[in-house]
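Since the structure comes first, as structure tokens, the remarks are kept for the end.
Naming follows writing order (A, B, C and D), and every chain is counted from residue 1.
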Amino acid sequence: MSSNSIGKIFNFTTWGESHGAAIGCVVDGVPSNISLCEKDLQKYLDKRSPGQSKYTTQRKEDDKVQILSGVFEGLTTGHPISLIIKNKDQRPKDYEKIKNVFRPGHADYTYWAKYGIRDYRGGGRSSARETAMRVAAGGIARKVLEYKIENTFEIIGALVQIGKSKIDYSKWNNSFIENNDFFCPDKDIVPTWKKMISDARKNGSSLGAIIEIRCKGIPVGLGEPVYDKLDADLAKAIMSINAVKGVEVGNGFSSVTESGISNIDEMRIENNKPKFLSNNNGGILGGITTGQDIVIRFCVKPTSSILSAKKTINTDLKEIEISTEGRHDPCVGIRAVPVGEAMMATTLADHCLRFY
Amino acid sequence: MSSNSIGKIFNFTTWGESHGAAIGCVVDGVPSNISLCEKDLQKYLDKRSPGQSKYTTQRKEDDKVQILSGVFEGLTTGHPISLIIKNKDQRPKDYEKIKNVFRPGHADYTYWAKYGIRDYRGGGRSSARETAMRVAAGGIARKVLEYKIENTFEIIGALVQIGKSKIDYSKWNNSFIENNDFFCPDKDIVPTWKKMISDARKNGSSLGAIIEIRCKGIPVGLGEPVYDKLDADLAKAIMSINAVKGVEVGNGFSSVTESGISNIDEMRIENNKPKFLSNNNGGILGGITTGQDIVIRFCVKPTSSILSAKKTINTDLKEIEISTEGRHDPCVGIRAVPVGEAMMATTLADHCLRFY
Amino acid sequence: MSSNSIGKIFNFTTWGESHGAAIGCVVDGVPSNISLCEKDLQKYLDKRSPGQSKYTTQRKEDDKVQILSGVFEGLTTGHPISLIIKNKDQRPKDYEKIKNVFRPGHADYTYWAKYGIRDYRGGGRSSARETAMRVAAGGIARKVLEYKIENTFEIIGALVQIGKSKIDYSKWNNSFIENNDFFCPDKDIVPTWKKMISDARKNGSSLGAIIEIRCKGIPVGLGEPVYDKLDADLAKAIMSINAVKGVEVGNGFSSVTESGISNIDEMRIENNKPKFLSNNNGGILGGITTGQDIVIRFCVKPTSSILSAKKTINTDLKEIEISTEGRHDPCVGIRAVPVGEAMMATTLADHCLRFY
Amino acid sequence: MSSNSIGKIFNFTTWGESHGAAIGCVVDGVPSNISLCEKDLQKYLDKRSPGQSKYTTQRKEDDKVQILSGVFEGLTTGHPISLIIKNKDQRPKDYEKIKNVFRPGHADYTYWAKYGIRDYRGGGRSSARETAMRVAAGGIARKVLEYKIENTFEIIGALVQIGKSKIDYSKWNNSFIENNDFFCPDKDIVPTWKKMISDARKNGSSLGAIIEIRCKGIPVGLGEPVYDKLDADLAKAIMSINAVKGVEVGNGFSSVTESGISNIDEMRIENNKPKFLSNNNGGILGGITTGQDIVIRFCVKPTSSILSAKKTINTDLKEIEISTEGRHDPCVGIRAVPVGEAMMATTLADHCLRFY
């Protein structure tokens, strides 16, 4: 029951600190005879990697993943798959200054209070660097889903809001998402977002964001009553991502302003198959998939690594001020898109293997 | 790894169908020598019980809980505590008509698709009747927290929004919450809510709601990195409640419209102890409690049991129409307040026992 | 992770004390649409029930099991099955005398030291009465195995040794097992065993025993590397039974006196299928079934409830002497046969559901 | 619920194949602020390492363990500890010949039947090479026990029988154990064992063995009713070791030939503390430690890697003959001693962290 593990059948355990020798994970519960190589995972890691554009942090991480076990002659063996990424960009000296300081808004103070020790180099275990291994595990999860599910399924993540600026859903364009620096589905909003990010960078501030993840092609019947409902497991998986403060399914918090009459997804028959006339429930009823698209949204708070000075304390319980120096990511929500996709993939793979 | 269980140290497993012989749960991981009797649990069950006011369903359930094991001479023994509530108000005939019909917005279709069989009487296992056992388990969780935590702690749930009508937070009054039919903290909004509920009942419709749960007195250090973050576990526990479609921590989705500068909870020292100048993070940083109040909110969709006719299908995949007859709860969000409190309590008790 | 639960997919949680209101269990992970009624379970409970013959305790327990949930119109629904047996033969006064005394060889002292409280009535939670629920869960497990496995499979338990008296394996007769008071497969040894038990009863002493459980018809491939090996899970399941002190698989401890040459189970092909020429490994290699019979043996120590006075201490840490009064079971190994069968069944059902 | 993991609080997950790039494990649940370095683990690995004497396999493995995470400035951080050992002695060509052959007595056939693929190089995941990581995890477990337990505790494993040759328990000498090639506590039997091993090697055969593990200094109260009894968890941990076919606690199978009168461990008071007059129960009653020495024994079958030709089949279901070539370990029981110690240590560390 490692708290560094998630999943019951398809499950993985991550390890490693931001500036330790390496980070890694062990993925277990993968069926045998699925083709798998490092390239299958690298493409997702590259999507998450910092330094991809001028809108994310300039910290350079190659993030080259290696498979150390569980694959033989290009096929999974049914045994644990060990993944490792060596940390290259280790600059512990950058962190000497904050050694005894609790960066406000980070886990520095709570880790120190809980453990009485903390690896202060870049947040150690609390760093979002850990999410690289989620993305790698998510790559394996997608292979499992492709192997198990007859339909072609697709997981699409997109940024739908930065600060107060929302996309226009009527302009949603799937193919545009991968062709801009924001995983944005609405071409027209991109210039606004560019300016917002530039301004935030200049002001030494940061911006929050909302990410939407959609999954197409999942059959009816995945998910378990009553505590392992698919939406409950998705909520946990998503809320465990760094900086996430909220998660919703289907029309989520908006359902509150609907009436029972308007909110129900009515059913009809089409081609001898059940069909829903709307998808307010986001593809899940009673914790079990309906066969419709699964739709979730989550928010990422504006990162606490900002250049402006803020009040805080240190390990001697003295009052001081701190500001982040150097590399700084004005909107971590952008890089949260592939991480959210990955958690959707791993949660679905887990429930898929429970189902079939 | 029963999907009908939740919790790692403090854990419980529920069983039973809405119209079966009984519902129950087994609570395990409770330390020995804690005083416990049925009254300790009954008070929370009474709070959730239907038929308490004219604003909830008129279905009459006594919900008298019995303790069958794990308590000896008034004290817990450290062994599993078995709880049972006998179902009295069984009227299977009420459900004959919908035997083959999938009520839209309910789990009827997904259960049938997954299991090939369903107990159609009132939703069977998918009924919110299951939440009675959560409330009972929550009562035990509170006793565990009282036993373990030196501070006096308090869990306070309140309804903060019905439909489009939000409370005025500046009028929040803890002592008023238990003195109205809505668990509402804002006296002035009650007349509006009364009218909204009456209207919804007349129109055969229903209303969504937002519930806020606050917990005071939890020390710094509860919660585990990285997948069993306290907020991740709370998100799962809350999202597993019937009809919940979203959950957020601290300022949640509102954080998106803050800047990094405004959103950070700065720290100072007061009486030689760390003190935060705000609580945007809702008492949790990096998945671990900060010592501030824990604050979460969740939404409950407008219930799908409505009197208006809606399009649906039956088990023969024929198109039909359906409307709920008889007893009907225009806003299930009201009764979700004690359930949310219970899930907060059980999740905290679990992390508390991991911590101490 | 209740320590009162066992199994990952097919799993169950037991509760209840020897002289509490009732004992029970919740069985989860059972597929839907399996026919199940109380009779299916009662036949196994009757086999374990005390008072069946003059060779077991005269304590009278009806052990009538009730199904409270998870079965609808004679079929399992896929939801948790709650079982309950009400305790009838409660005579707390019988136990007043030993209220403060630690019966040597029992868990009285360790429970008291661990929990600081104990239900002294008949051992409370540490009583072998708990095994009734294992037997009931085992009945459900057999239904699951019948449902999942194409072959006809069979679980046969037998007593193969009492004290120093072993059966002659060449006289093994399956059909005789159910037709004698000892679950003995060797007709000729029964008179000896009758005398041994009578003598032990007269002397106020007790006898140990060895039980063998065989399972026929399990296909190749059940079991998981490397910690959930089928034999590892069987060892845990069996060792968790009251009074068990050893467990072995195949030729077990006897393998030590074999050579590598003589001990290997060679393979041939028969009717185009793999066939083993011997079964020293007891049907399991590398933790996975070979398709041969699964064979395990376990020993039960002579019960510590004896009429002779023995030295012990009490809760005041005073030295005293104690002897068991009244009802007394000279060889608990007899009633351990259906319990061992049940643990074989539940462990196999669990691995069977992981496999298919 | 990875089947490659064991433990609930102190837990670890192993990965890696015998001839893959590396083997490793992730140990989680380790409290913070325990001093830990690679040397602490290396000493146990050296004990298990092949090539230590002419009585074990000549396969050369350096087994240099590296700590990749979870330790900062010499102290544990409370976060997962990742361990890795790079495989040096990879000679895949040695295994080309047996690529399609099922070595009888090994897991080759069952793995192939279960997974449809196997890493044939030295058994892949089924190889006893995996046990190196158990030994490393056991080293961390000992540090946890030292940190948590006030008493000085000690885990001592010894070989007590090879083939039919048992030690004389009256000659047991703890200090001799580490000073001979067999972990033998009885000096006088060593010459016999030397000859037996040499003969087995010459004959191309192998020998079984019995190992005894004793633990001194564990306080009363570790272990959990009823399925996670300490002896049940030990039985699982031990039975999961390669080639183990039986496990017993205290006087184990010998208890069967005792009477209830002779087998009871009577209690007295000494220096105001409870004291037992014997230890037939091996330090565990009702699954919970009594404060006495914990004593378990387990047997290891004669290894199936022998030079003599044996009948088997291949992946084409053709009948063939096979004999092991090259390096060969005539009695794997010797190297099982440190592995058994490690499983004792990890199981105790897990229960210790549940207790305190």
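Note that a residue touches a chain if its C-beta (ideal position, glycine included) is under 8 Å from a C-beta of that chain, and two chains touch if they have at least 3 such contacts.
Everything numeric in this text was worked out from a predicted model, so none of it was measured.
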>> Counting C-beta pairs in contact, which chain pair has more, B-D or A-B?
In response: A-B
> Farthest chain from chain A, comparing Cα centres?
Replying inline: C
>> Measuring centre to centre with CA averages, how many angstrom lie between chain A and chain B?
In response: 27
>> Using mean CA coordinates as chain centres, what's the gap between chain B and chain D in Å?
In response: 47
>> Can you work out the whole-Å distance between the CA centroids of chain A and chain D?
In response: 40
>> Can you list every residue of chain C that touches 2 or more other chains, as numbers and ranges?
In response: 1, 3-5, 8, 14, 79, 114, 125, 225
> Residues of chain B touching chain C in their complex?
Replying inline: 1-5, 8-9, 11, 13-17, 20-24, 26, 28-29, 32-33, 66, 68-70, 72, 75, 77-82, 114-119, 124-125
>> Can you tell me which positions in chain A touch chain B when the two form their complex?
In response: 1, 3-6, 8, 14, 102, 104-107, 109-111, 113-114, 125-126, 130, 161, 163-164, 200, 203-210, 220-221, 223-229, 231-240, 242, 245-253, 255-261, 263-269, 272-274, 277, 280-282, 285-291, 299-306, 308, 310-313, 317-319, 355
> Tell me, which parts of chain A touch chain C in their complex?
Replying inline: 1, 79, 225
